[in-house]
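Lettered A, B, C, D and E in written order, each chain numbered from 1.
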Amino acid sequence: MFSLDLLLDAVVIGVLLGCFYGAVSLGLSVSFGLLDVPHVAHPAFLVLASYAVYFLNENYGVDPLVAGLVITPIFFLLGLTAYRLYYETFEKRGSDAAVRGIAFFFGVAFIIEVLIILQFGVDQRSVSASYIGKAWRLGDIRIPYRLLVAFAVATVLTMLLTLYLSRTFMGRAIRAVAQDQEALRLMGANPIKVKQWAFGIATAVLGISGALLIIVSPVDPTLDRAYIGRTFCVVVMAGLGSLGGTLVAAIILGVAESIVLTLFGASWAPAISFAMLLAILAVRPQGLFGRRS
Amino acid sequence: APIKIGMSMPQTGGLAGGGKASLLGIEIWRDDVNAKGGLLGGRKVELVVYDDKSSASETPAIYSKLIDIDKVDLLFAPYATVPTAPIMPMVKQRGLLLIGNFSFQVNSKVGHDMWFNNAPWGPADSWATSYLDIGQKAGGKSMALLSADQEFAQNLAKTAREVATKRNLPIVFDQAYPPNTVEFSSIIRALKATKPDIVYVASYPPDSTGILRAVNEIGIGDSVKVFGGGMVGLQFGAVMENMGSLLNGVVNYNTWLPEKSMYFEGTREFFDKYTKRAVEAKIDPLGYYLAPFGYASGQLTEQAISAVGSLDQKALAKYLRENTHKTIVGPIAFSADGERKETAVLQAQFRGVVDKNIEQFRSSGKQVILFPDHLKSGELVAPFEAART
Amino acid sequence: MALSLAINDLDAGYGAVKALRGVSLHVDAGETVALLGTNGNGKSTLMKCIAGLVRPQRGVISLTIDGATHDLSRLSTEEIVDLGVAMVPEGRRLFPRLTVLENLMLGAFRKAARRNIDRNLAVAFETFPVLKERQAQLAGTMSGGQQQMLAIARALMSSPRLLLVDEPSVGLSPLLVSQTITKIGELNQHLGLTVLMAEQNFNQAIRIAGRGYIIVHGEIVVSAGSVDELRGNDIVKRLYLSGAA
Amino acid sequence: MKRNGVAFWIGAIIFLAAVLVMTQVVDNQYPFFAGYVILQSIALAVAWSILGGYAGYVNFGTSAFYGVGVYASVFMVTAFGAPLPVQILTGAAIGALMGLALGLLTLRMQGIFFSIATIALTIVIETTVTNWRYVGGAAGIQIQRPAVTPPFDSYVQMLFFVQAVLVVLAVAISRYIQNSWIGRGLQALRDDELAAECTGVPTLRLKLLACVISGSLMCAVGAPAAMYLQYADPGSAFNLNYSVTTLAMSLIGGTAHWAGPIIGAILLGTTQQVLTVTISSEVNLLVLGLMLVLFVVGAPEGIVGLIKKLRANRKEGKI
Amino acid sequence: MSLSETQAPLLRICALTKRFGGFTALHSVSVDIRPGERFGLIGPNGSGKTTLINCISGAFRTEPGTIMFRDEDITPLQPHLRTRRGIARSFQIPRPFRSMTVAENLMVALDFAAHEHVSVAQRRDTMMSILDQMGLGSKANVSATQLSQVELRKMELARAMATHPKLLISDEAMAGLSSSEVDEVLDLLLNLASRDITIIMIEHIMQAVMRFSERVMCLDAGRIIAIGAPSEVMADKRVQEAYLGT
């Protein structure tokens, strides 16, 4: 079964697939990686964004990517509100926030799932666009345009976010806020506002990620559950808070998965990629690009 | 007192789409019966339905509740194999009649003689047989098998392997892909590299879409005569609408299609009612796949109760086993294991489908029936690539 | 360029714990004032009140800048920092997983400081050369004393006009203690920085402080108008000048 | 302390006796079916919180342990026709080994890294079972129950009793740990592992101990499920729901005290059972979601914490 | 003095090196600590004092180099085993058990590191007497999160003492204390030392170092630049330049 051709193909597809995983994990890399919010509802928001894109595409024929951009501000606001709610009802009271936060966000995820079901039903949905279902020929290789879109979106988003976080004052504050809120106050930044802003950004990114999700494959209301493991693993494997690392980790995961799918028993793919994650964590417990103190 | 029929039905989780459509079919039957004045001289039919969340672990408690607390008069099984399997031993032990709902070979080990499956499956291997027949007739000399690593698809794959071995049909590719696979490009590429003639795909709804897309993007090669067979999901309205022209050429199993040969007494009326109610309930607007069989479950019960004149489970079972029953999906007769005597699974080829139009599927000719012979509505177009345009 | 701080009858605490009772003090423009008191007596609490990190239960903290008076007890920390107040908190409070340079840049978060980043950075590096060498090291992996230097440098990055320093000498080597104190003194002289400093190292503190307060059990018990007055005080003698003086 | 201990064991014996009597006098099967599921939740939550509560290592892999328990039984039945106690013991033994492996993970990973590693572990194990044809693989497997052992007259009644025994076992162990030096050591390492080490706490050994006990209990709890369902498929056995609800139950009850997970599990488990046969639609999930959010928000230290606070308030009020 | 010189060392550090990435924090450090000795460790900030302590207590793995404690090679031992062998340390940046009260913090030490088996009541007594000595008696039932910085540092020392150490390493426990308080803590340490407990003290407060130490070692950039009697070390030119600044 082995051939160089197939291997090359698997690697190319894997890289692109990885970019897709990276794109859907980026928001989490901010909300969880930087803000320490155990946002297990991230994939639920992602699927919600997909449905929003679906709604615009189905009813108004808006191109899914454009739709993704259109809902970005809405998701930004949604993020602001969601964080406010989380803060007011929850974070403000302190007390081992991480674990309880997980339960809290599972609750939120379930609620979102149900709302989607009530609005859209349980059937799977997908969108149509000129670039879905077609492929780009590159010699012997054919690359689906869908994945190229994912590639472009992921790289651009990662670059923009990385720049934002390292070059701007707000960005640096976002990276600091989870480490010592009181100290950040002393720098003249309001940690709550910083977090809220960051959460808004993380959620806004989901608008576009959601568009990608439904461009790459159809969605159904409970799809979020499949993405909890994937997105969290990518973020953790990268090392919390490293956006570039997120993309690299995602690509490693994508390539591993793709190679196993192509060349070995496809049914072993998840075992292999997650075993690899375990191996990486065992060697570098702080993740590939993690900072440790 | 009303006649209570109890069941669990997946209304959340992976099987919810099918479960809801199936349930609507059953509810339409209930309303029809009750409108006619009920059964056994005026007793209305009442359904007791619980959500099993598409999981096997919920159903034992639910059926115990139905039997021991709700004291229902009759039991229907939930949609699909996984939630049904755990209750088989229980109903057998208690000697209760159970009308199955699209599960696959759940009774083969248990051997309960009061089990009757509403699905058109028939003998376990008939499904693979009919598809491979079509493929081989079109000149297929080798087979590739792509299956989901999930319960139902694996059962299909197993029979396909057996049939292929029996016929000395070489299997050049045999892979099971894991649930929640996102991207099928790599797999399709690998499959294509083996240059198979017949591609048998046993897949689940989200994956079916992914596989077809990948086939369209990557190409599958000119060697392929037929493609499809066991793709679950391509029967669902939402999926079909979205896949649009990508469906063309695929030969896939089905249970009911709007071809002339498929209309029986009451079929048309049923779909009129279904269409109206499905839209309100936000479930599959077409509902060909499961809903009429849910209705048929009701019809089976109805006829048995009327003939026996009581709710005696043994007598009902005996009646069901020994007679042929008229339903909106055609006549049904059971063999000893509670499955259909003969398979009524259709193999049909998508033709001339255009994008973004769900209404097109209501007219005949979009899915040409190739099997079984007595329902046939057209001929196969092969090879696959030729059939796609 | 006038800035002064006046605190009047301040009560503060944590829940049931009362840490400050009726504290009054003032710091005038360009002054360096020392706040003395053994541990647990409320020095840090007072600092935190001024910086808005602890809400006083009673009393006024008024900061007068160029004629305009602000009641700090009503403002949030961010607003107070924006007025030009910077604090070197006790226990350093760095961002351990950011690099030294990133920590310094965060010091310049407030809008008024962003213009002066280059200048301030130069000052910081000149004062603590090790910070320049270790720009890219994670703050959390610096040695205790290095972290203390970073904390001071970070506060200076905000171009403050009032500097609150909570025990700057803790953990610094003798050489660095005197260098740091000297530096604060210089800043006070050259930039007209007003300084309120809690410090246990009495001999160092009075090198730059003009006068001081002693706080015991949350109350100001001594308000000394000059360094000599401080030196001559009984409490000071007992607490700070015993044995090794 | 001593008196408490006596009271606890008297309570436990009364509980088991009541369960036994119930199996003898109650004829209706449904209470046993539903009760079994609730007892299973209690045992899982208690077992989980030994590691997740006391030691602060949040294990997302409850479903992995549960599923392995189920499949340990499936294997023992398919291969040797082993009786129920052997199935459970095998489950416990394998669970202990898995716990050991998990414990070794804690050697390198802490906090959220550990939690994510448990997710990865779950996926690896589930995939392995899915590919293991002997126990049915992805297609699932149907299992035959043997005859029931007297004094029980139905198998589910017997399973109900067995699960009650497991609950008592789990609670007794958890309670012992909390009140002993193990509990204090775990608490110390939860706060600061290095400081704990330097204070003489053998952190690795304690963590391994907690992992092994927790893991072996969770697997043991899963083991009888094979006989309960008489069917096993990887999707159901490794359902993410076990991980989520176990975590939720412990948190809703409160992790600081051994009684917390019990209260949480009874509350949430019962609610879920009731919802399944009442509302029974997607609204069911909505209620679960709302419950999670409201409890986490309204009782940040769990119900146990809430009770403690109320008590403290009352005391203060009186004095 | 002559006696202790002939005695076998309590702690022997042999050619210890510690690197962080490319940076070498300790260059082949060797030193012997004698039983019952009062040993002062000084050095500029970042010279490697805490790193050395971390290597001795086992918080860091050392690459080359061995550490012998009472003639036993403890290099491969985990920290808790070293603690049980009798090495206790305080942390420069306090690391309390936050979910516990001050008393419970000490109880952990008594539960796990105390060598002989004693009753709960006895342990309580020991704990209270240590807390009283440290001036933390009134805070026994206060949560560790409610202490001021200096109180936290005192608790660090108290917790270390509660492990019944043979070798106590105090990492800047006096930082931030007024000189009268420094004297109190010094008396406490001297008292411990008189009970045959060997003490390594890291301090930047010279008066304390001078008063306390029998021997002083000065590190600079990971190397020993001076070791000997306090007055000798203080008089050393390199020490003055690098550390004292006089």
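Please note the rule applied: a contact is a pair of C-beta atoms (placed from the backbone, for glycine too) under 8 Å apart; a residue touches a chain by one contact, two chains touch by 3 or more.
Computed from a prediction, not measured in an experiment: that's the story for all the values here.
Colleague: Shortest hop count from subunit C to subunit D along touching chains?
Modeller: 2
Colleague: Chain with the smallest distance from its CA centroid to the overall CA centroid?
Modeller: Taking the mean of C-alpha atoms per chain, the most central one is A.
Colleague: For subunit B and subunit D, let me know how many angstrom lie between their CA-based centres, rounded off.
Modeller: Computed from C-alpha means, the inter-chain centre distance equals 37 Å.
Colleague: Could you please state the distance in Å, as a whole number, between where the Cα atoms of subunit A are centred and where those of subunit E are centred?
Modeller: 47
Colleague: Just give me the whole-number Å value for how far the CA centre of subunit B lies from that of subunit E.
Modeller: Their C-alpha centroids are separated by 75 Å.
Colleague: So, what's the distance in Å between the C-alpha centres of subunit D and subunit A?
Modeller: Taking the average C-alpha coordinate of subunit A and of subunit D, the gap between them is 31 Å.
Colleague: Which residues belonging to subunit D are in contact with no fewer than two other chains?
Modeller: 127, 130-131, 138, 282, 285
Colleague: Which residues of subunit B are in contact with two or more other chains?
Modeller: Counting only residues that touch two or more other chains, subunit B contributes 11-12, 14, 16, 149, 176, 178-179.
Colleague: Tell me, which residues of subunit C touch at least two other chains?
Modeller: 141
Colleague: Go ahead and list every pair of chains that touch.
Modeller: A-B, A-C, A-D, B-D, C-E, D-E
Colleague: Over in the complex, which subunit D residues touch subunit E? Could you list them?
Modeller: 181, 184-185, 187-188, 190-192, 194-204
Colleague: Using the touch rule from the top, collect the residues of subunit A that touch subunit C in their complex.
Modeller: 169, 172-173, 175-176, 179-180, 182-190, 241, 291-293
Colleague: Inside the complex, what are the residues of subunit E that reach subunit C?
Modeller: 20, 42-47, 49-51, 92-93, 146, 148-151, 172, 175-181, 183, 204, 206-207, 211, 242-246
Colleague: Show me the residue ranges of subunit C that touch subunit E in the complex, using the header's touch definition.
Modeller: Result: residues 14, 17, 36, 38-40, 44, 90-92, 130, 141-146, 148-149, 167, 170-179, 200, 202, 238-245 of subunit C touch subunit E.
Colleague: Which residues of subunit B touch subunit D in the complex?
Modeller: Touching subunit D: residues 11-12, 14, 16, 49-53, 55-58, 60-62, 64-65, 67-69, 81-82, 85-86, 88-90, 106, 109-110, 148-151, 153-155, 158, 176, 178-179 of subunit B.
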